[in-house]
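In what comes next, chain A is part of two complexes: it sits with chain B in the first one and with chain C in the second one.
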Partner chain A sequence: MTAATRSLRQVATVGRIVIPLLVIFLIVAPVATVLVAQAIGPWLISVLNSNIGILRFVVAITAILLFSIPAAFIIIYMELKVIAYMNLRVGPNRVLPAGAAHSVVAGLKVLTKEDFTPNSADRLVFTWAPVLVFLTAVMTFMVVPFGPGLVGAPLNIGLLYLFAVGGMTVVGLLLAGWSSFNKYSLLGGLRSAAQVVSYEIPLTLSVVGLILLAGSMSIDSIARQQSGWVWDWFVFRQPLGALIFFIAGVAEANRTPFDLTEADSEIVAGFATEYSGMRFGFLFFAEYVNVFIMSALIVTLFFGAWNAPVDVNWLLHLVGVGPLSIAFDPGQLGGNLVALAAVVPLVVTLVLAAPFYLLRPEKPVWQSLLIGFLLLNLLLVGVLGLSAYVDWDWVAGLIWFMVKAFAFVFVFVWMRGTFPRVRIDQLMGFAWKWLLPASLLNLFATALAIILLKSAGIN
Partner chain B sequence: MADTIPLLGFGWNDLLFLVFAAIMVVTALAVVLQRDIIRAGGAMIICFAALAGLYVIAGSPVIAAAQVLVYIGAISVLVLFAIMLTQVKSAPRALVFQTQAVPAAVATVVLALLIGVTVVATDWPKQVATQVAAAKDMAVTLFNDYTLPFEVVSVLLLAAVVGGVFLAKRERAEAE
Partner chain C sequence: MTAPAQPQQHPSEDDPRIMLDGQVGQYEQVPPYPPRTEREAEFYTLGDGEMFLNMGPQHPSTHGVLRVVLKISGEKVVDLDPVLGYLHRGVEKLCENSDYHHIISQIDPLEYVSSLFMEWAPVMAFEKLLDVQVPRRAEYIRVLTGEMLRIASHALFQGWMALDLGGLTPILYSFIERDEIVEALAALTGQRMLFNYFRIGGVNGDLNHEFMSRVGDWMSRALVQHEANIGLLNENEIFVRRMRGIGKVDRDMALRMGVTGPNIRAAGVPFDVRRAHPYSVYPELEFNVPVRGTKDGGDSLDRYLLRLDEVRESIRIIDQCLHEMPDGPVMARMPRLMRPRPGRAWAAVESPRGLFGTYVISDGTDQPFRFRVHDPSFVHLQLVGMLMKDNLIADTMAVMASLDPVMGGIDK
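Moving on, here comes the complex of A and B:
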């Protein structure tokens, strides 16, 4: 018996697990990583380089799947909190300040629940229907441009792809409602089929006018044509189209006042009645992802996509400055950079802490120091964010896109907090008697205007 | 990536074509042979999706998107909708409406012979360079060279819509 094993036997059980793990993590893993990287690194890089298209696609899919989780959590939290304030309640307030992590905890709760399948349900269809619903929701994300160049798959026929994949959601809802073998679920499924198929027609037709104006079905090209000022956004050239798209989009996302498919007071959550556990979670996750996608689409098509509402370059030109860029390379400083990194935070913290200490000398010193440190962090985040905003147009685009998209998510939540639900006959009548003729009128007027302008030689 | 797959000796597109074709054949057989009609509908949807994949390989993403939009998003939904309105879970699992087995067999043999003769008689080109068709080219072809067939098809569809509305209206009048 060697000395090493004898001393290992003297430590407690936890230690016997932890010490070998520490050895593995600290010594074996880095050495193995370096050796493996040395051995297959060049080969791996060459393979990845020659398949850069596939690599980009895989990375984009992973990023989109990961992004859909916080997006849905934020929307669920917004819904709980905003509607609570509209109802003069407090809303979630237990987990983190103001209950910020409430939806995360609710998601964990759903994960731990029993995953139950009713006896008479069609087991295969029942299991795969929520997957289909969630799959179509995430597949739609592939063509949504989050910023210049920040798009999963820049398709030429992006809009057509969007409507094609978006229309597949209803198959999942229908199958979920049918396979539960419950009359309320079947009613919910049938309602969703009738509603989504009816509202898809005005939704698609309202965008045809915009396609005529833009001359392209590529979402990227449509987004680029809206750069400049606020009045370059397509909502001012297609106001009727934007309105129809918004109304039909609310119906497509199954949201109030068109949430007949899950109307909890009539058919107890419709297609989702028999679902429990994570399969139920998937159905509702998909709903919130759909809300975000609808907001993102309205922003992309009609409200200027990632473009800022002000033409900054024009303003700068007016003042007499060229396009802004922070031409500063930290590498120039060389060794001084280390000294700066050590000294500047300390000095700035002290400088920021000084006024608080002078104003309130009776308080402990560490409190003013803490305030100074927090202010320093705020300052650093602000400076870094500003330089990123100016230097990289995709950061600026992402910020504007997210702000606008969540503004529309707020409108969706606001409508849920205020509107009553419509009846099924009102719903169908509105789609076929009002929205469809209005979208045809919009298409006709747009086409006529384009022809008149062309014959007059203006455009 | 290499142009051809090392062991099989043909390209990646050919492999994808074989995969999609296999999916299509299996699901199409499932549509016909399945007794559970909803599962047959599900197999039909997968079959349509595989056909859309074939269109993409053949270089026409526009037609693929239209295939998904029309066949999966609308026609399959309508078929499932109709099934759900009529189907009861405890429906008979044997063939109920099938009383014309002999004529059906004759028709099948004739159709198979026709397809076989056509395939043999056609002079297949060796290989056509796949070229991605843009939406604009398709629109120009459709509305210049093939305007008349397009209009004829639209009139046919309009007649079908009017006929459907007429049938629905007449039933309601009788009920009242």
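Moving on, here comes the complex of A and C:
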């Protein structure tokens, strides 16, 4: 006891508080947790079971909120790096290798900045406008299916919800621009209102043809109808609709070449001019979340959603194999499992390290062992990932969805690096004179084709 | 019964309460003082649904520290008022108090993207005063370096143009093109931007090996690189549509306003100081004076494309200079202390922006009695007010960038 007290006396004041707390947390807390779980566990489970809908909603919205911020970080980093390489620059290269955490640090920086409100601003509106912008962006995630069954709320009117909630972004931008008491902000807000309202119409109309084809407004159902081969994707049945949807989507997300709302050479930063700190961060994140949502929607509606471009089962059937599944239960190994777990990693590490040691005997042994260990980990990740891909269709779906969505994010970034900005009259003229008639034409042609095919008895 | 007398105390400008207690209308009083001219009174009276929008001096796209007050009605620019003087250094007065050698370094930063031309004009004027015969090799070197810098300046113009229209990438390609030229000149002069290279009676130092190797390296692919750079913009439908038809300068307006350089050639007038009032060795060199624009005048796209034509002509001139460079000294024999005879001299050169001229009056001492600068950017900026009526805010940037003003020269 004396030794312990003496040691405790030697540590600093903070340590004297932290060490006992650590003891409590490490010993007392687990015991208490187990006891509490035993006491109220069954009751809690029954309550949650009876309220499974609410539970599902809460989990979904938490997952979406948690997902949206890293997604925005990744897109911001991607934009910095991709445009840098397009400009023949290096881009961010300080935080982590290749500046990978640059956008995270930038996000932290935004958090630490002064939260400034102009004197003459409408304080209430000024404060809540970024929240509205960000929340509407995140809320649209609720109906986007990331994989089979991986959807926040499987609404049967998902598309309607999507356009209704997505259209609310403009209210936030308009409020932000109006409440700042700044002429640049006002112009930016009004521009965004004019732009988003105008492009909302071709955006919605371009999808109506698809709804006629799919016979459903549920995004999940639309996604399921595109399974199979590449040519089952709706983009090949609605090419004009996909094109209009893409162009109008770029305008909806306020991206180059339609980024008039924040045209820095004209109106400084548009509606975000007076914002600083995390409020600006919300506006900033919302922009990138919108980019991801637009990419996700294009993928979901026209580019096969989570479906792989090849029909794997058909291919396997051709070869003569049934649907793949790895039915392996580790429990059946019994006591051998322990032995395997002890021996296999060691052996595999040594086997993987051996060629490196043999090729470079002059280097220290531990280097080869480290390489072997890292290779083992890579192998394990690969094997586990492959088995997950084969066994669980939602893993396969998620991977395909993310790959396709980020391909479209890349297109967005690519456009930013290439195009100049259009003028406001060209922007409006393009929406009303070209996109709107084209989308109506698309709708008419689709409807006519469906009627003709039905009367001909096909499908 | 009279109302109790209010204490008529004007709040201090620094008092933050002025922002809280004041009427909203108080912000609309721009400027706070009573108007000084009729034009000011007319401009600063707001019509129905109009408001002022201040662009600058700390605005991303006003090419330095120009301040433009726009009177807008929605997105439409009703009227506009450029406010100058944020970069005023009093260069002319500085030069009047420097001796003739020092003037070269004083006047260098006027147009900081093409500073050799700022040296060339006064040096030529002083040579006229002093009756100096500049060696032919020195003249060739002047033409060679000057035309290289013209290409650098036009490359930068192209990048700025794109940046003002919202394109991020072209300016970095332009900087690569410019950097090769500027690095070569740095090998020759020791500076990248303000060269301070021309001297009265010649140039400071002969061509050296590094300069020649860099120039040879660059010239071997100058045209190809230029064509590659402009492809991203010239074949872009958005860019062309935004530039076409805006900021039309017709022949009469150009002549009346004294426009020179690429801007007047884009309006269909083939005026080039190098051909109209030949100087240096330009009469011996073969090059065309590119002209664009219809009889209605030239728009922003014409002005943009004309500068690209000029780059090709400059490459031709550089090629000829390199092939026909004579041997000999690069500096005439000059006295250490210069006291030109009393008299006056005018010299003008074709800078990348137009006619850049200097007018010197000597009183026989070692400093000029009067020294005046004619800067093309100043003249071109006068056009902005005429061109911008009833255009959109976004066009203001496009037109202003296509006139290619540099604020250093305007504010002197």
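Observations on the structure shown:
Assume the second predicted complex is superposed on the first by the 447 of 459 C-alpha atoms of A that agree within 3 Å, B and C clash if a C-alpha of one lies under 4 Å from a C-alpha of the other, contacts with A are read in each partner's own complex, and residues count from 1 in each chain.
Operating definition for what follows: a residue touches a chain if its C-beta (ideal position, glycine included) is under 8 Å from a C-beta of that chain, and two chains touch if they have at least 3 such contacts.
What you see is a predicted model, and the numbers here were worked out from it, not measured in a lab.
Of the two partner chains placed around the shared chain by superposition, chain C is the only one that A:Lys183 touches, whereas chain B remains out of contact. Legend: residue contacts after superposition of the two complexes on their common chain; A:Tyr161 is shown touching chain B, with no touch to chain C. In the superposed pair of complexes, A:Pro257 makes contact with chain C only, with no contact to chain B.
Contacts of A:Ile424 after superposition: chain C is touched, whereas chain B is not reached. In the overlay built on the shared chain, the residue A:Leu369 is in contact with neither chain B nor chain C. Of the two partner chains, neither chain B nor chain C is touched by A:Leu243. Once the two complexes are overlaid on the shared chain, A:Val170 sits against chain B while remaining clear of chain C.
By the touch criterion defined above, A:Ser120 lies against chain B and chain C together after alignment on the C-alpha atoms of chain A. Of the two partner chains placed by superposition, A:Val105 touches none, neither chain B nor chain C. Common to the chain B-facing and chain C-facing surfaces of chain A are residues 120. Remark: chain A residues 50-51, 54, 120, 122, 124-125, 155-157, 160-161, 163-165, 167-168, 170-171, 174-175, 178-179, 181, 186, 189-190, 193-194, 196-197, 200, 217 touch chain B in the complex. Across the complex, chain A is touched by residues 16, 19-20, 51-54, 59-61, 75, 162-169, 172-173, 176, 232-233, 236, 238-239, 241-242, 392-397 of chain C. By the touch criterion given at the top, residues 83, 86-89, 119-120, 183-184, 187, 191, 256-257, 259-260, 263-268, 416-426 of chain A touch chain C in their complex.
Residues 1, 36, 38-39, 42, 45, 61-62, 65-66, 68-69, 72-74, 76-78, 80-81, 84-85, 89, 134-135 of chain B are the ones that touch chain A when the two sit in their complex.
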